[in-house]
Amino acid sequence: MSETVLDTRDLSMRFGGVQAVNNVNFSLADRELRCLIGPNGAGKSTFFKCLTGQIRLDHSHGRVFIRGHDVTGWRAYEIVRLGVGIKTQVPSVMNGLTVEENLWLSARRVGGREQTQATVADVLQRMSLEPIARRLVGELAHGQRQLVEIGLVLAQGPWLLLLDEPAAGITGAEADQLVSIIHEVNRKATVVVVDHDMQFVRMLGGKVTVMHQGAVLREGPVDEVLADAKVREVYIGSRAR
Amino acid sequence: MDYAGVVFLEILYMIAFLALISAGLAVVFGMMRVINLAHGEFVMIGGYTTIFCNRAGIDIWFAMLVLAPLVVGILGLLVERIVIRHLYGRMIDTMLATWGLSLLMVGLVTLIFGNTAVSVQAPIQSYQVGAYQMGGYNLFIIAISTLLMLVLWLVLRYTRFGLIARGAMQNADVASSLGYNPQRIYMWTFTAGAALSGLAGGVMAPLTGLLPSSGSLYIAKAFITVITGGAAVISGTLASSIIFGAVNQVVSFGSTPVIGEIAMLALAIILLRLMPQGITGRFFRNST
Amino acid sequence: MTGGPSFGIGRVRWAWFIVAAVIALLLPAVTNTNTPALLLIWALFALSLGLMWGFAGILSFGHAAYFGLGAYTYAIAAMTVGESTGPLLLAIVLPAAVAAVIGAMMFYGRISDVYMGVITLVVTLILFKFMNATAGDAYRIGSVRLGGFNGIPAFPILNLPGDPNVTAFGTPFYYVVCVALLLCYLLCRWILGSFFGKVLIGIRENESRVELLGYSAPLYKTAIFTISAGMAGLAGCLFANWAEIVTPGVFSLGQSAEVIIWTIVGGLGTLVGPIIGAIVLGFLKLLLGQQTVIDNSLVLGLILVLVVLLLPSGMLPAFSRWRVRRERAVVSRRQASSTRRRRGVRGESGP
């Protein structure tokens, strides 16, 4: 039985005089892996922030449901407490603390002392962050900070992951590793990835939603969508990759 | 009827007073997002300049309208070059550094002029309104304040310098790609703000005895007027001056001046909590 | 590694702590305790700000509000009750309660740092102006006249709980202050080493990220603000006992400015820093007070400007850089001990 994990109804958001999100009805089944793509200015990030509670919604903006709960207007931390993991577009990590400390803080919210230690060790190993576990995050390269942030998300064992540009700035090898981590996580959790990197999106597979000018343009399997004429036009018409 | 006239004039005076002492801070905050906690001391030094120049024989009008702004403007220029310039973008650090400057200036003025009050005579006499005696000088303050707001608005809206300054405030990169030097613009804007503070101090000098610590009387009120007003220099300052001035006077009439002040401060907290961007962050968004 | 990684807080160096405690407790043998008591009271006040600012990133521009509330609460309550135990507790609880309300309003309102600075400034201004204007019989709480700018004199000072006749005056009072400071220091250490403290440090580093981990930042910030205010209130209560009079000056902007300067100069991001800063600069203030040429304001103002200008990445990152240096010192120490070529850097036995 496939329940709907995430559901938006007529979600709309104006931003700086522009209709950034235009009546979007977006639906996500349990354990789906969905990629959200679209050219710059399509509204992906604004849409994403509406889902995560980073943009405060009220009922005039439409509705967002997560596992049946109406989370419209909820704050980010309340949504996260439902069991949602969020990775933002710009790496948001605690720069003055070590990798290990970052992960610890994340894991500790959901587990007791021993469990937290185990979780941290596990995440360090899965993300191959062990060599830099004691380094201050602020001193790491951008790609490494991305990985730390994904580690933060994983440490809480969420059943819904919302990842905005997880592959930005990481090396090819790291990207491969990330794809396999996402697939592994996807066995038990639902994942949404917002990204520009077509190669990464192809490697992930799964269903793709294309956004354009704030609305959903096409939805379907990766290859089908990317072969679609309208999609190509929209991308080529606006600095496509 | 006479009483109504007096009350109305008192309210008008309070509004004018707030606008006048806030103008310098508003220019600097609205244009540069700099919170200058030494603003009160700029005002105080404007007052001291006026008084001591007058004592040295200079005409009081000249001392308060020309010399005070000039002296404090130069002081502002120095402050900007030596301190403020290094802290752009760091609002809390700027607040701390200017708080330090304010203490420093109080200390220096105490060192040079001592701790006894100095004063000067108001150059305009009082007059009668029905059965009440009104301070004629208060009318002058209302007039000067109105004139100042008008001139500021005209300069910002219609002159080349105003346009450039507003442009640099919005987007320093665009300004510099057009050939204007944002650093220079900030420097002159801060200087102008300081000069305005000096002017306010000069004009206020005849009102009471001036002490090195007088700056603290002004800073609190100017501060909350400007922050509550929001980023728009003229309309923000006017809007909050009107609200605070009216509330202060009305409550004062109903009780005591201290309660009036406290009412004003408490109202500031409420307004800031409800409108964190200030009044002109919510309403009148695109005004000057 | 019980309790998790250190978050930059080493374990309490008990050797140093005991040395400091012993010195403090033996001091009365060599000198009059009047001035040291005042300095330690100021140190406690600075500690309360340092806890909140250095570790949770919350800067209050009007922390004197809670110092003053503690002082006035004690004076009024002690005069009303006649005994000091209840008033002492109330002097901690009342400022904490006020802070809880104001803190909740600010933090749940999600206002920016700057506006927080403004609001905290205005709160202390309101208290100062109000207290200054309360001269006359009409202003009283219970039977205690507030006294306007003359303040409230002649209230009962601290006594042994249960025995109003045994009062703490002179050296015994100094011991009370010492114990208060030492206990509060240990309390701060305990808080910082706890889970709660680590979340706070996380909030200081990146508040939005901590919220994205599911923590309610306003809740934690309000909590530490409340604790800090309670500690400031305790300092205020002790100050009232030291001065034997409370005046509106305890709420002054000057007092708020001073505690900020003591904390910064002493070292933001440490607990010992604010304590030392308060003792040294407080002592300097007292020395300057004995002459009239150099004004205390002048010196403090100059120090504040210089400190702000000369710490290039602002004050809080100084903590991170200090940590980097310390971590490097640990690494190099490990290298040195394996080659035995250098004298090791003395450090605690933390991670």
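Going in written order, the chains are labelled A, B and C, and every chain counts its residues from 1.
Operating definition for what follows: a contact is a pair of C-beta atoms (placed from the backbone, for glycine too) under 8 Å apart; a residue touches a chain by one contact, two chains touch by 3 or more.
These figures come from a predicted structure and were not determined experimentally.
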| item | value |
| --- | --- |
| Pairwise touch network: line, ring, star, complete, or other | line |
| Best-connected chain pair, where connection means C-beta pairs in contact | B-C |
| Chain closest to the middle, measuring from C-alpha centroids that were averaged per chain | C |
| Chain separated most widely from chain A, comparing mean CA positions | B |
| Centre-to-centre distance between chain B and chain A (centres being mean Cα positions), rounded to whole Å | 49 |
| Chain centre separation (chain B, chain C; CA means) in Å | 33 |
| Length of the line joining the C-alpha centres of chain A and chain C, rounded to whole Å | 42 |
| Of all residues in chain A, the ones touching two or more other chains | none |
| Complex interface listing, chain C residues touching chain A | 1-8, 195, 198-199, 201-202, 204-206, 208-217, 317, 319-320, 323-324, 327, 351 |
| Contact set on chain B toward chain C in their complex | 35, 83, 86-87, 90-93, 95-97, 99-108, 110-111, 216, 220, 223-224, 227, 256, 258-259, 261-262, 265-266, 268-269, 272-273, 276 |
| Complex contacts: residues of chain C adjacent to chain B | 59, 61, 105-106, 109-115, 117-119, 121-123, 125-126, 129-130, 132-133, 253, 257, 260-261, 264, 293-305, 308-309, 314-315 |
| Chain C partner contacts - residues on chain A that touch it in the complex | 52, 54, 75-77, 80-81, 86, 88, 92-98, 100-101, 104-106, 108-110, 113, 116-117, 134, 136, 138-139, 152, 156 |
